[in-house]
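Both complexes shown next keep chain A, but they swap its partner, so chain B is in the first and chain C is in the second.
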Partner chain A sequence: MNKETLIKQGGIWVFILVELAFFSIAGEFLSVTDVAFMDYGNMLLLLKQSAPIGIIALGMTIVMINGNIDLSVGATFALAAIVLLDSMTWPFMQALGDWAIPLAWLFALLTGTVLGAINGLIVWKTGVDAFIVTLGAMLGYRGLVFMYNGEQPTSHLNWTLVDFAEAQFLGLHTATWFLLGAALVLWLVMTRTVHGRNAYAIGNNREAAVNAGIRVGPHFLWNFMLIGFLAALSAVVFYSESGSVNPNDGMLYELWAITAVVLGGTKLTGGYGSIISTLGGVIAIQLLRKGLGHIGADTETVNLVIGLILIAVLFLDRQLNRRGKEELKT
Partner chain B sequence: MTDQTPALRLEGIVKTFPGVRALDDVSFAVMPGEVHALMGENGAGKSTLMKVLGGIHQPDEGRIFIDEEATVMTSPIQAKARGVVFIHQELSLADELSVAENIFLGELPRKTLGRVDWAALYARTDDILGKLNVGFNARTRVGELSIANQQMVEIARALTVDPRAVIFDEPTASLTDAEKVVLFDVIADLKARGVGIVYISHRMEEIFKITDRISVLRDGQYRGTLNTSETDEDEVTQLMIGRSLDLSRNHAHAELGEVAIEVRGLSCGKVYRDISFSVRRGEVVGFYGLVGAGRTEIAETIFGLRDPDAGAIYLDGKEVRIASPIDAIRHGISLVPEDRKGQGLVLGMNCRDNMTLPQVDDMTSSVFVSERAELSIFDHYKDKLDIRTPGWRQTVGNLSGGNQQKIVIGKWLSMNPKLLIVDEPTRGIDVGSKAEIHNLIRDLATQGYAVIVISSEMPEVLHLADRVVAMHQGRIVREFTAEEVTEDSLIQAISGIGGNGAAQADVTAQDAGCSRPH
Partner chain C sequence: MKLTFGAVLATTTAISGAAFAASHSDTMTIGITQNNVGVDSYQTTYEQAFIAAAEANDMVETVVLDAGGDVARQIAQMEDLIQQEVDAIIIWPTNGEAVIPAVRKASQAGIPVIVTNSNIAEQGFDFVASFSGPDNITQGSRSAEIMCDRFKDLGIDGEARVVQISGQPGYTTAIERAQGFEERLPEVCPDVTLVETQPGDWNREKSQQVMEAFLVKYDDIDGVYSGDDNMGVGALNAAKAAGRAGDITFVGATNFAVGYEAMAAGDYWGSIYQSPVDDAEAALQTAIDVLNGEEVPFLNYFDTPKITQDNMDEFTKPVF
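Moving on to the complex of A and B:
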């Protein structure tokens, strides 16, 4: 890794360390509880709470590296959740006992993948900008969510499932394992496979990629299917435990995911970014939420601060990069 | 001229950036009514010097004088107010706005309450356009204009003030020969009005045609000023690169092999018609013509980026259908495109990944890409083409133009192509690297590659090609062998034999009839 990438990709981790130090010290004076901020259990919980947005953000990273964006993930998340919970109440599923669980998961994940594939196919075949396509999909998929059960929540609690979701293995919660597992797989995909390499190339310079004989469309499709799958995976992880989904659940998730991705240094214009840095972005945001709560700030303040920090960080990034460029031009 | 005071004078300019002395005690002066060329290889410090002059960088030492009055430049706007204006190679115009709005962008004449005074705007614009003798008016939308005319708008912008010095930065990079004539007229006119002109260009031909004196920079240092009438290309080149350069014609032909590609009756709407030619192994065929003559479009067709209406392409005697670059690559055709940064390279990627991009598909062991296989390809071509980079991790966007071009060439050589098409091989590349690229292309022919070179620079075509195909308005007008081709005959051919070619050469070949689907 050369110096340039080290500065770019290391930034988010430095930011996390600063957050940890700040909230630990500030917590000593302002905390409403006696528990230290960097308490072991607290940190484990933080990772678990990062998982729903985090898993989606991983998918958003690959879509954005590819030069696209997906605004429909929040709605996909909600629809997959409904399929997960509702399918377990179907008569034939109930007859299967606990074997209904893997089947319900499969249905939910399939739902997400298919919705993603629809986005991908439209972007590929029509050439309409992904922003527009997925904006439409966001509204459309949310419409499906409401059509399913009106304003009513969809609920089904399966205690085996809850036990699984609340289990801890080597200290980490199930949700955390899913987050880390997904990150590892996607990291390998993006850094070590042909698909990953080509996704970067297409995002960075589509014309040059076409001239090198790369078929752009299939890569788009794969990435949209992946993010759809991951949005559903996020729903599976979260609702296995909670057991009840409201039709408005998952709203703004797309924006939180994008925030985490951008905070991690992935470029909106495509061609640049990393899965690991997105993981950093996700943790940084969750740390902010938890930390501000720890020192007694309310939810509204938290959002304001996150917004300001996002802009400040990107400004800083821009300044650093610009200085780097100027040096290189001489 | 010596008894006059200089319009613009730089004295002892020093500018350092961390780790590099970009400008080291640079001084030079431009007299009123003088066209002063500023030359140097890429990285010699020309751009930095211009940025200092435009107030984008502040010099560490040294002073700038306008009419012998010391001036501190703080921004391009302030520089313009002081009478120093820049015409950049890359146009910065708003396509959707009118000519007048572009010219007075940021300083639109106003009436009360901030309303635009349209009458005054158009009147003042027409006034300026009148001096330039152009074929469009103040209300034309800029997006509708040709590149050359857009450049005229940039120049018109410079004339909104009464300039003391105008700096042209590679102004002819995207102009046709006919358009250059118009530009040179404008420069002559400015000159006659006593404006000092700094002319930055790599093109020797132009430098010797229009400039009075030539100042040369090398490695950030001022290397001297020559009177254009008393020097020649060799001397200037020597100053620029510190050695002399042999750009003589190449007559050492390689042994010719089988016909690698034959094209018969290829047509594409109004873009080009009835194109037939062939290239043998070991042969370099040069395509020469004006911008818009259809040369690039033929290359795009052979590479599968454009569908022809009629005609056929034969590789090794067999007819092939090429519907996409994927087909072309499979058939062993490679294209080094005209726009290196836009079409040839993924600038944000590292050197190695760029080089292996077309074949990374075939380099997997199980599911992962084999880094070892990739590195062996990169190392091989890094040595073979003498690519100068700190390592394979270097981002391609940070390399010099010459090294970037070598990466593109290496990328295609590693595919072991039957036919290599090189479109404008040395555009925007400094003199030293230019010679290297030329030698490289000749070497490839010697090794038995079939090569097509498309170029707008006549010396380049004459130097490289075994045969020259001259094109005019979408048709092949004549084919020359290296022995029979002369500069005069070539110019006559490409400007339409017998006709008043240059005037009608300005055809816009774009989007007329046949599509560019990819």
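Moving on to the complex of A and C:
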């Protein structure tokens, strides 16, 4: 059993190593550039580019450990981004000068948390499956995005903000710090707190958790607020550097986040998963995107390859579980 | 895990081997990040033409990337191209403002950036070597000339009345195509009046409704100018339904397949031919010229000729 846990949790990191080796070797022959794939600068970029989907995927891990899912994160991401950029153009905010920046962040994070709370409350109070609730929210929140500014992009380019977002502290980009910081906090929450242990308990056996006195409804509410907050945090980190939102930005982010989580070994049925492995899943996806670009393959093949790997991972997971059960019988 | 690795290796090698067979040498390396290749046939044809043009040139190696319409992915691709130390970057912006910081990064790294097809916002002009694309003002003014020449042939250039259906408000493309037409028309046909302009939002159904309203409001309409053929065909349908299509000259500012078909059927008079192949070749050539140190105008337009029922057999049907 111990060996299996090792295979499950270590698999994604082995996979990352294989990707690195493959793209390094293939890059020598196929790439037009003389810069090595494993170049230090390129690896720093890898972490930075993993941040937008990565921060969301961390929250998705906890929601999925609960046995729930959140499909509305992409729309939440876009709406928080609009609030971030548009709020900086409001007259009273402009009067504040650069002090408007932290306030705009606050507004955006608040937007995400409130949207998450709406999902959580509906799941708690109606008992409708989270899949359906957040599917509705995905459409509804996206509708709000389009109502805000029609088909037009919402823009506000602030160079102070861009300079902050592009900064590198101890070599790591601003976005990387946010990704690693969020991962550390959530890892502590999931491994060192009652809330974290309850999340696993509820995902494993909801009825037993209720009988054990865990208040499942409020627990869900907190987690949906958390993922809403993280979707907004992801938007804050990303749009600080780009200054303009298309109304369809963030579409399919929910699926990329879920893909990263599943690659990291978290069970769709809940009760099992790890923050650190999700981080591995996110890096594996970004590595694939980067690597295929590096060796000159068509960018669209990324989707095909990730699809194949995803199926392989689920197949492997099932094989391991089945073997585990057979061992129990004997 | 063996299964997983096998799948990845097999797939990636097969694909990369097919897609890239160029060798390393002292050539110029040009990276391109496109907007969204699969989304329409203009962009698909553009990519094919770009790759073909690059392969035909021994001096050029290319890294062809597609952002899939995702701004985050496009910015990441810009960063990757900078990291790979390419000699020049061509970008088809997914969002004319969001990519400005990434373009600035490239320019700070000493890599010239060429914007293709749709320009980025003015705040980013300092960081761009050149823009290669169609000139919407010229397209508008040439449409005015097509319209005027037709009125002269029909002998109604002394009293003709024209309505305009413009693109989506706020879009530079829409504004410039309207501007070019409105400035040129009085110069070539001073006695023709533009009676009213309404937006059709690039949408065929919307412009059909706009045209229906025009037909009720005005008893005498001799010409309809629209921002592209898609909207022009919407207007044509409205006029047909009202039985007045025969009296009206329809001219668009960009030829679409629907417009080409309507021209072949004799319902639609003319438009402006904008070819994705010319667009792609112009972008690559601009990048090469910039790298060779040649003087390149900041706004480097490629030619978009007039197409009417008279000369349409010189052009193939647009792919979009």
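One rule holds in what follows: the second predicted complex is superposed on the first by the 325 of 330 C-alpha atoms of A that agree within 3 Å, B and C clash if a C-alpha of one lies under 4 Å from a C-alpha of the other, contacts with A are read in each partner's own complex, and residues count from 1 in each chain.
The criterion applied here is as follows: contacts are C-beta pairs under 8 Å (C-beta built on N, C-alpha and C of every residue); 3 or more make two chains touch, one makes a residue touch a chain.
Being a predicted model, the structure only gives us computed values, none of them experimental.
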Three-chain arrangement built on chain A, chain B and chain C clash or fit: fit
Contacts of A:45 with chain B and chain C, given as first, second, both or neither: second
First, second, both or neither for A:183, with chain B first and chain C second: neither
Touching partner for A:245 - first (chain B), second (chain C), both, neither: second
Which superposed partner A:200 touches (first chain B, second chain C, both, neither): first
First, second, both or neither for A:287, with chain B first and chain C second: neither
Partner chain(s) touched by A:118 [first = chain B, second = chain C, both, neither]: neither
Comparison of chain B and chain C by chain A residues contacted: C
Distance in angstrom between the closest Cα atoms of chain C and chain B, superposition on A: 20
Touching both chain C and chain B, counted on chain A across the two superposed complexes: none
Residues on chain C engaged by chain A in the complex (per definition of touch): 1, 3-5, 7-9, 11-13, 15-17, 19-20, 22, 24, 29, 37-38, 61-73, 75-77, 79-80, 83-86, 94-102, 104-105, 121, 123, 168, 170
In the complex with chain C, residue positions of chain A that touch it: 7, 11, 14-15, 18-19, 22, 26, 30-35, 39, 41-42, 45, 48-49, 52, 151-153, 155, 157, 162, 165-166, 238, 241-246, 248-249, 286, 289-301, 304-305, 308-309, 312-313, 315-316
Of all residues in chain B, those that touch chain A in their complex: 17-20, 22, 43, 45, 47-48, 303, 305, 324-326, 328-330, 335, 337, 342-349, 353, 357-358, 360-361, 363-364, 367-369, 391, 393-395, 398, 411, 518
In the complex, chain A residues that touch chain B: 1-2, 4, 188, 192-194, 197-198, 200-201, 204-205, 207-215, 271-272, 326-330
